[in-house]
Amino acid sequence: MQNNPILKLGLPKGSLQEAALAKMAKAGFNIQVSSRSYAPYVDDEHLLVRLIRAQEISRYVELGYLDCGLTGHDWIVENGSQVHEVGEFQFSKVSSQPARWVLAVPEYSSIHSPKDLEGKRIATEVVNITKRYLQQHGVKAEVEFSWGATEVKAHELVDAIVELTETGSSLRANNLRIVDTLLVSTPRLIANQTAWKDPWKRQKIETLALLLRGAIEAESKVGLKMNLQQKDLEALLRTLPALRNPTVSNLSLPGWVAVETIIDEKVVRELIPLLKAAGAEGIIEYPLNKVVY
Amino acid sequence: MQNNPILKLGLPKGSLQEAALAKMAKAGFNIQVSSRSYAPYVDDEHLLVRLIRAQEISRYVELGYLDCGLTGHDWIVENGSQVHEVGEFQFSKVSSQPARWVLAVPEYSSIHSPKDLEGKRIATEVVNITKRYLQQHGVKAEVEFSWGATEVKAHELVDAIVELTETGSSLRANNLRIVDTLLVSTPRLIANQTAWKDPWKRQKIETLALLLRGAIEAESKVGLKMNLQQKDLEALLRTLPALRNPTVSNLSLPGWVAVETIIDEKVVRELIPLLKAAGAEGIIEYPLNKVVY
Amino acid sequence: MQNNPILKLGLPKGSLQEAALAKMAKAGFNIQVSSRSYAPYVDDEHLLVRLIRAQEISRYVELGYLDCGLTGHDWIVENGSQVHEVGEFQFSKVSSQPARWVLAVPEYSSIHSPKDLEGKRIATEVVNITKRYLQQHGVKAEVEFSWGATEVKAHELVDAIVELTETGSSLRANNLRIVDTLLVSTPRLIANQTAWKDPWKRQKIETLALLLRGAIEAESKVGLKMNLQQKDLEALLRTLPALRNPTVSNLSLPGWVAVETIIDEKVVRELIPLLKAAGAEGIIEYPLNKVVY
Amino acid sequence: MQNNPILKLGLPKGSLQEAALAKMAKAGFNIQVSSRSYAPYVDDEHLLVRLIRAQEISRYVELGYLDCGLTGHDWIVENGSQVHEVGEFQFSKVSSQPARWVLAVPEYSSIHSPKDLEGKRIATEVVNITKRYLQQHGVKAEVEFSWGATEVKAHELVDAIVELTETGSSLRANNLRIVDTLLVSTPRLIANQTAWKDPWKRQKIETLALLLRGAIEAESKVGLKMNLQQKDLEALLRTLPALRNPTVSNLSLPGWVAVETIIDEKVVRELIPLLKAAGAEGIIEYPLNKVVY
Amino acid sequence: MQNNPILKLGLPKGSLQEAALAKMAKAGFNIQVSSRSYAPYVDDEHLLVRLIRAQEISRYVELGYLDCGLTGHDWIVENGSQVHEVGEFQFSKVSSQPARWVLAVPEYSSIHSPKDLEGKRIATEVVNITKRYLQQHGVKAEVEFSWGATEVKAHELVDAIVELTETGSSLRANNLRIVDTLLVSTPRLIANQTAWKDPWKRQKIETLALLLRGAIEAESKVGLKMNLQQKDLEALLRTLPALRNPTVSNLSLPGWVAVETIIDEKVVRELIPLLKAAGAEGIIEYPLNKVVY
Amino acid sequence: MQNNPILKLGLPKGSLQEAALAKMAKAGFNIQVSSRSYAPYVDDEHLLVRLIRAQEISRYVELGYLDCGLTGHDWIVENGSQVHEVGEFQFSKVSSQPARWVLAVPEYSSIHSPKDLEGKRIATEVVNITKRYLQQHGVKAEVEFSWGATEVKAHELVDAIVELTETGSSLRANNLRIVDTLLVSTPRLIANQTAWKDPWKRQKIETLALLLRGAIEAESKVGLKMNLQQKDLEALLRTLPALRNPTVSNLSLPGWVAVETIIDEKVVRELIPLLKAAGAEGIIEYPLNKVVY
């Protein structure tokens, strides 16, 4: 181990910044961004945080300017970066769908499959992903880099676009039709290949991943606790597989046990009536900060 | 049970909407209202939610367009709706007083009792409740429907008003005096008579009521946990009846027990000094999501 | 004890008001400030709250108009108030530094030590503290009362200022240099000498202090709970002194125990990997409202 | 004339309130609404303002509780009020379309003309207007009063609705189709029949109408001023009929005149190039507060 | 005149700051306050602006640290500053009443005149003004300095207060009664005695006063312009003294004149009907930036 | 001229959008951007507006997809677009400095001139401009495209950056030093070469330019009007060259003239005292919407 070891972490600046900082805080790392300094403050002297566009993080991780970073799978692919992928992390809660890069055209366009792109012009922010896609389909088309506001161009300036979407509502609002999906993207924690071989850095990165996962896990989980007669326990556990691996402890009152478990918040609403029916009393649900199995 | 059973639930649109959606979320049902659709999204495929004015919900529940609904006792009475009342639910926390429909007049009015209304003109949103009230007191007066801003009319346009109030501050600000209370109203969960006889629907409604009650209960409660020597336990429980039915478990350390209970948040501030005095150690208070006895 | 005993509590009006009311709420006392009344509402019939400038609270506590109050150490000193200090309370979380009254001059001033103030003019809100400081250093200088915006004066209207600062950033933004620190100040709960001798009032004040401390303590703490094989327990506790005094209870599953403890949130991020390595399973972290040892 | 004559004016409370008060201010009458009083302050001792729901203003003007009022044509018709209509006033600027009450049904409904309503159920806030419409078309249908959120009902609770719309976007967002227009409504200044016969009140109302009209007129107009050689004047005026009735004054410089006129702001962008071509110099455009022909 | 002459102007920091900067901007001096500098930027290289509490401005003008300043009459009196008063400037528009320092007591206090203050305790921010007032009435009472929130003290901590009020609503909300007015205060432009004798500075100050007055004047005035037949002019001017000193110019159309004048905005609403009646055509009202007679 | 001629105009989307739409509105073209459509509405049936990133407008104007566009000089150069430049338009008021692309390095970098860049790595959004600059100085260095947040990279990820700045404050806040300026950029109206040869389009573009210029001109100008004795006129005009080309008209009052002129708002504050001294009376200043010489 080095004398004063430091891990350099890249976080996405811009639209994902708030979500990334919130997850880091839940994992236990409080980061303060100041308008007066390029270097955010983090309450861990072994961690150094830099805010960089998601598009570029994998590039700087690959080059070793950063030891690791949180970025989207899409930009790792677009940049063709050679990095170690530590894990996948879903930032958004519950019902959110992952982001997709899709091929979209005006509703009344004659383009209905990748083959129809032959000889056309396509605007996109992910030029490499798009070119590879065309190649896979054996299609020749012109791909031009778009600085943004890409939806607007599909009607008059180009024939098709490759654009990011989650719910598709922005595309629909612009009267665009999705032809195909090129790539589904989720946030990833990536590491520089050399940093990953350094034992101290690797352990630090793995701890970070463990805590992030624990914090994200806790968002959709709750604690559930209840009292029960010992005699009803077996029947309860047999009929309710959702109560997987509960912690059962004896109460002072002879014949009674306390049952405690961690479950999906969404399951609770179905479980509680069943628990009551099975003889459970004093059922409480409480919030969690982290869950680590 | 039907193939794809659905329960239609009406929630109040407008001033009570936010509170109603918040309670539903705490009960475990996340509802998203979109400006692009009349149909709110709810993360339960067996539930269908409609937002309708509180004034009208009981009408549509009675007619069977909705299976059940959350609405005020006042509008059930005003509409004279024949529905099954599942239960009463207090939306607001702690110190809130229930809403009351009151008869109000200008401070210096000569009207001091219902009898003084003979031959007068009254403006109100609850015409039927007001007419019934007059009838009960054997008084004849003209009742006119008011679209709102009723307080303003009491000084110049009519002789008295029947208006909704909680703290009375809006009436005082308009220099109005309360003469009598016609009706105290709280939120109710109501069900269509036929739906209530359908076993699947009835169970679904009862589960909904159970979870709503659990979530509302949890708002004013907290969990309290402490360690104690076994020998002090009996004395503690005898002197502190607030610690009703605690969960007592043995600690590994011989002679020590852990005591855990759920109590009113307001009681904690008086209890903690007494617990310390009785020998409790490591007292912690933690928040709850739901409490079901 | 009196018939209807009342404790009069002064809380700081203005910049500290929000923080003070938030802490009181966490302690269990909900206070509502209305623009229509000088008397805030508090949900405790034995407590009477007044909002007064932090500068004046110690004066009115000393005179007995208030039984106790929350105010800064600085203003107790500035006013020279003879009051009983019940305890110190840090309002802000984690990384916050205490407020300091510092002697500051323009960056390029020739003043580098208190001695250099001889014959100069100093503007400050704390005239007495400043005069005492000068006296201690045997320096003669003119001290004038400043109504605020003191930083602006240091460049042209006076030679030096004595001003409150936390991070020093406001001073730096005005190109001022800190020469010396006169006083470090933290919030204190103080009591009138006579009130402190009244048994009922003293107990009420001590309870208030206990609850405030419990609420503040809970802000930087979390609950941590895990399951463990009995055989691994001793090794775990020996290697992890952070797990001071855990509550250990037997699980129904023979050979397993549940370990629960309260620790600093900041420690969790280092502890969790070690706990996993030591054989802990089902580790969860949960939030706390109050912690009383 | 009376000793201390007063005109009682009703203005619409709610969604139109802000626009109505803004127009009154431009007309020269500053009205302040206080949350502490039912009586708004107006800086004219001969004017008394009351804020009342637009739905009810015509009723109280008819009864004489108000001398005059600003309200929509729709509610005058719905209430069947016998009042004197002083004039029509368009509140919104430039591109706004007047409000319309339309018959709307779900997009895929089989209702395509009023005839198709036979035996159906219709929800609306304007029950009388709707009943009259059905009568005119010789159709029998049930009309029920809706307290609002009417769009939501059209899909499940009733067969059709009669609802207010300007751009139709709210209807489209709810997937509703417009079948027919029942009434186009614009704001009107109305007067009580008796008040209109009182010379002082009538003159006060007419002045109010004159100033309101002058203020509304000025919103879409600007002042345009330029210098021109006398010899070019005739040609300019002949070719540019938009310069209707300009004010022409002699400049000191022999042979030059100043031309000034008031025109629609929208015309300016076409006019300026033509004016320059016709020899105009020093063209300026300036804003107006009021325009009275 | 000096080589690079500079005028140092003090403006009030805090509650009056926004109004003061707005008036300066209307007068033609754009001032930008930065959080990064104690020295506001002003677009006049001969002007230097400092923001200082209104309470202190007269002190620093008297001492010569500032050449001139905008401050309240009250603080000039309270400080007993020897300065040259250049003029009075009303900051607020139309209906605003000047600020008054009043003696106030609880509604049910037995104090009804200054004489009743004998032996009492009074809290105030203006200690000197209050002492002088007591002296004038031959009354002995204790006056203590209040840091603010003075209204709250009147009920329990002192017997009376001397506090600033405009409308009295804050006093009424605290159930306080006004006993007497000690001082009416309006904003003043003041100058240092020596600076006033410097010809360049005096002229600069007088220009500043002229422009400020012109800008303030313009706020309640408008321009009014109309066309008229020459023959009707005399009658118009005779019957309408409000049209004081109009500018009359000949139109090209023989027999017609243009009449233009500057008048109070409040007069317009009465004037326009009369002008129409007197034969005026094409009446327009336009806004003004400055008016200098 | 075509049957239904249309001019396609590109406006910058994003940070300049608001300013561009505001200027267009002042010029007389009201544009409404809807979140539901890619095509903004404009109240001119011969104009079609598209919002596109400033970086790309010149590309699409060159290709003829747009007839003309408002964009920055920088992006025209970066793209090397062959377009007709109609004119330069300053968007921001008064004190604003034009945007500059500068070469910046950390304060303590050893890079002090372009020569020092040899062999270094530079991040920038304007890759072509930067490469050309290096070529001009005979320097070889690596230039990499930056997606934004470029300042952050200068300390650790690259050796220098080329970044856009106006006041330099963002660079200073990041402790960066400006080495050189590569390009000064202002907004330009550009036209497609072919469109510029079409008479109708060219005239439409020129009118647009004329109106934009008139609106921008009016922002820093005001109208000034005063009365004067004929005998004082010559002296006034001789001594006050700022009153260039005033409009002088005869008043009815013999011997008096009205003088009216358009001048820079900033000159007014110096002019008014001189005008008064020269005998001017009734001086008024009024705002302008457009000024076209």
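Think of it as A, B, C, D, E and F in the order they're written, each chain with its own count starting at 1.
In the analysis below, a contact is a pair of C-beta atoms (placed from the backbone, for glycine too) under 8 Å apart; a residue touches a chain by one contact, two chains touch by 3 or more.
Predicted, not measured: the structure shown is a model, and the values here were computed from it.
Enquirer: Show which chains lie in contact with chain B and also with chain E.
Expert: Touching chain B and chain E alike, sorted by label: C, D.
Enquirer: Spell out the chains that contact chain C while also contacting chain D.
Expert: Correct list: B, E.
Enquirer: If chain D and chain E share one sequence, what is the angle of the rotation that overlays their CA atoms, in steps of 5 degrees?
Expert: 120
Enquirer: Please flag the chain sitting at the greatest distance from chain A, going by CA centroids.
Expert: In terms of C-alpha centroids, the chain at the greatest distance from chain A is E.
Enquirer: Please identify the chain with the largest separation between its CA centroid and the CA centroid of chain C.
Expert: Relative to chain C, the chain with the farthest C-alpha centre is D.
Enquirer: Can you check whether chain E and chain F touch via the same residue numbers (shared by over half) or via different ones?
Expert: Homomeric contact, different residues on each side for the most part.
Enquirer: Averaging only over C-alpha atoms, locate the centres of chain B and chain C and give their separation in whole Å.
Expert: 38
Enquirer: Would you mind pulling out the distance in Å between where the CA atoms of chain A average out and where those of chain D do?
Expert: It comes to 52 Å between the two C-alpha centres.
Enquirer: Hey, how far is the Cα centre of chain A from the one of chain F, in Å?
Expert: 42
Enquirer: In chain F, what residues contact two or more other chains?
Expert: 36, 249-250, 286-287
Enquirer: Going by the touch definition at the top, which pairs of chains touch each other?
Expert: Touching chain pairs, listed by label, come out as A-B, A-C, A-F, B-C, B-D, C-E, D-E, D-F, E-F.
Enquirer: Which of the residues in chain A come into contact with chain C in the complex?
Expert: Within the complex, chain A touches chain C at residues 27-30, 36, 43-44, 203, 206-207, 210-211, 214, 218, 223, 233, 245, 247-250, 257, 262, 286-293.
Enquirer: Of all residues in chain B, which touch chain D in the complex?
Expert: Where chain B meets chain D, its residues are 13-14, 35-39, 50-53, 55-56, 60, 65, 146-149, 151-157, 173-175.
Enquirer: In the complex formed with chain F, which residues of chain D make contact?
Expert: By the definition above, chain D touches chain F via 94-95, 169, 222, 227, 249-253, 258, 265-266, 268-270, 272-273, 276, 281-287.
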